[in-house]
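Presented sequentially are two complexes of subunit A, the first with subunit B as partner and the second with subunit C.
And now, the complex of A and B:
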């Protein structure tokens, strides 16, 4: 039988503490979401809900619930609309970024043109510009273009490409054998056909990983959608949750409703991580990004 | 005009000249092998024919058409890569059909041509598989299949067998030779393995340092190497080289002595050029040029290692003046390390002058 050394035991203990500390907020959110609003404060010290109910989830989704609240708090947010908006925002951002970033990454990896490396390093340098610095000029631009409160305005700064996505995919295109491109070239394939029919399908694993990373990032994106997408018709989940916080009564927020909405909103992200976690880690290791 | 004409081509990478003015001609249906050590420019030359490398100077013509700067797809050549370069996400069928699909060949014709290639290469049962589900030899066949269906004017092979194990390499070598017989296409084949070159080629082009050392049939290169490099490169086991000195030189014959020889040897002419008397030369003897002769030995060597190959034996020995010598003998020679080996020569040695050029042949 394999014996565990004291050092290994200490390592596991430290890891266990970190896992516990990481999962605790998630568990508390779930616990509060499963607690009746009237019992939130009385059971605050407990790790398990005193009275178990799914009512918070039902009312957040606009479904009939056994929890009776005042009219102002009965429907904290239009959850389904925010969900739809988040899905649209995420889908547009992810698909756009992957397509255009892959084109740029392939060009940087495979094509030779004057100033290619300089351009790539300029691209990389852009990752060092804090996003906060770009918000104001981007906001002014989107406003002047009349794109406030539209999906076009929401996705405008990120749909084309991001330095991260370009760098990530370039690493994989570089690692794929050049002979494949050359073989296709000899067969008469154009540069775009080589990209579309050979280079891109070969990298479907890394592309899926990038898609997941971008999806998680887009799903959680708050500040930009908060700036340009305040209207309910385009308001994404993260903004809707924040609005919900500010709308509920001062000193007496609807914690159980909020937590139910938060738990529901993170289900897609958790699912992606659980299903594709290993692939994400492997791809990141291969790309040399971590 | 030849089917393939490579005229004084040069390939320059920055300041580095990799191919330094190579001219080669190949006839239709010929099997030409480029052979040479690593870095001699053989693969670069092949890629220049394919159009995958720009030609810095000179011209490349195929079937009378100057294609020096033509796009690879317009050259009517097909290439089999060392790594096979099969598209990993496509089935064997799609790999073979890819070029025709790109060029919008009717589906029925694609199918017919893929099936025909699969029949020739005996891979009909593999058409639905992905490359990762194939063995090395099967992948090689698929790569060849992809080349066959295009019906190219010239097949280009870039060290296609180097990733295979020894047994499979021998088997595939025979299959490539059969394929050449069956379809009769012009083939240019790059290898660093001189056994492949000797067994496959109609003509071999020996390259070194971006230059052609000698062009000729395998027998010509073996029997009449133009210089020391070709003499040493072609033939396995290697030729034995011994230092020599010219005792007498005439048009009909020359006499050479060697510190390894018991007495001077006579080399019959004709000669391309005559060396000066007393000039130093290098004598070359093939492994099968030696025979054990205790009655009248020309030289005596001491056995170091014997390699029994079943039907023959390779003997590694050292001459009395300290040079290494390799002898091949049929059957099983019962020799032990340290044994004195009295040897006679079968035929005259090759003689190379101080510049390394053969006195008998100067074809370059």
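And now, the complex of A and C:
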């Protein structure tokens, strides 16, 4: 039997502290979300809610609840609308980016055409450009096209490609067998049919992994939507949460409402982590996000 | 012997492949040209103008850049950003390394790594808001705890002296898991027999870490340092939500200063000039770091 050395015991203790500190803030958000607004300040040092209520969740979802706030403290944000906008933004970005990036990645990996390597190198080099350098001209472009506060403007910079997605998928197309492509070509299949019916289905796994990573990233995206999508009709969750904070004032914000909205907003991400934990961990380990 | 006909058909096939290849790349190429290449060039062009988006841009040469050199606020924001990087990077890297080595030795279950990565998978905005709550003077758990142990309540994000450290701590909380994950992956590539051999010769944990782990982890260390440094120089989200550059401009980092100039004061030219300077600085820092860490060489040969 393995005996636990004092060194190992100390190691386990440190690991436990890491896990505790990683989860503590999220636990506290849940605690405040479950606390009646009038009790929020009385139990600051406690790890569990003193009074238990689901009212905060109900009211941020726009459902009838037993919690009444004065008009000055009531939320000016429609969270269900923001949730819908986040779903639309994420779905468009992820599906578009994966499809168009996969097309390009397949061509980079499997076809030869003049300028291919130069172009791929240019795509790679683009990962070096700080987002702020791009955001000012992109903002101006979107504004001049009259696309501020539209989903088109929101998704435009990322729906056609990101260098990361192209790079990620190219690696997988490079390593997949060519024999099936050749066989299909002999039977007269077009290049797009080969891509759509053979190459893409073989890479189901990596594409799903990329989809999960991109979905989390899009769901969390803040800077660009903050610049071009402030109107409530297209405002995504991350921007809505930050507006909520600045609009209810720093003095006496509606903490329990805010934390309830936060808990609702991270449920999709936590669900993905619980279900696809292994894929997420392994892909981040090898590539890093972005 | 090659027949003339097959030459012709091969050329035709090649032409067809070129056309199909370009068609496949076309949508991504449009995205690349319109939203990456063009804006990069345009940022440089705009940086040479005086432009508030209302009137036509006026060409001013390098005026924005010379103005930058004498702008106290710019240097202050550069200094604040540098301080943030100094608070953030060493601690985050050290903690990530510790966490990676411990989980490699003691707990290799994927579920542990999934928990550790959780803070990274929630957004900066949520991290900032949750920590605003945790560090709140009245309802925050941290201040409640500090009062119980007798240290007393602190201002944290509301204090000019503590705000930048607090923002760095929030970033460290969010990123340590990712750093640990990358180190963990690097550790898997180190042959186990090296440790067994060292142990046979009576080497302790610290000696093994110092003589085997650290040198062989250098390429990963270089990658982690380069990417986290580039990320740190561009800190924005947490600041936008938690401090808005305050209190008393103590967290007005470079990106916040660019944002203010571009989108609050409508000085597109000046803001672009700062962003171009940031871009060039990041490239130089990256090259320097790669050089110092010899990122492209591994000791494992």
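Keep this in mind: the second predicted complex is superposed on the first by the 262 of 290 C-alpha atoms of A that agree within 3 Å, B and C clash if a C-alpha of one lies under 4 Å from a C-alpha of the other, contacts with A are read in each partner's own complex, and residues count from 1 in each chain.
As a working rule, a contact is a pair of C-beta atoms (placed from the backbone, for glycine too) under 8 Å apart; a residue touches a chain by one contact, two chains touch by 3 or more.
Nothing here was measured: the structure is a model prediction, and the numbers come from that model.
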| item | value |
| --- | --- |
| Which of subunit B and subunit C A:91 touches, first, second, both or neither | neither |
| Touched partner set for A:17, first subunit B, second subunit C, both or neither | neither |
| Superposition-derived comparison: subunit B or subunit C, residues of subunit A touched | C |
| Partner chain(s) touched by A:63 [first = subunit B, second = subunit C, both, neither] | neither |
| Which superposed partner A:275 touches (first subunit B, second subunit C, both, neither) | neither |
| Partner chain in contact with A:265 - subunit B first, subunit C second, else both or neither | second |
| Subunit B and subunit C footprints on subunit A, overlapping residues | none |
| Residues on subunit A engaged by subunit B in the complex (per definition of touch) | 177, 179-180, 182-189, 193, 197-198, 201-202, 204 |
| Of subunit A, residues touching subunit C in the complex | 7-8, 11-12, 14-15, 18-19, 21-26, 28-29, 32, 40-41, 44-45, 47, 100-101, 103-104, 106-108, 111-114, 116, 119, 122-123, 126, 128-134, 136-141, 143, 156-161, 163, 166, 191-192, 195, 216, 219-223, 226-227, 238-239, 241-242, 245-246, 255, 258-259, 262, 265-266, 269-270, 272-274, 277-278, 280-282, 284-286, 288-289 |
| Touch list for subunit B against partner subunit A, complex | 50-52, 72-73, 77-79, 81-83, 85, 87-89, 98-99, 102-103, 146, 150 |
| Residues of subunit C touching subunit A in the complex | 17-18, 20-22, 24-25, 27-32, 34-40, 42-43, 46, 53, 98-99, 102-103, 105-107, 110-127, 129-134, 136, 138-141, 143-145, 147-148, 173, 176-178, 181-182, 184-185, 205, 223, 227, 230, 233-234, 236-237, 240-241, 244, 255, 258-259, 262-263, 268, 271-272, 275-276, 278-279, 282-283, 286 |
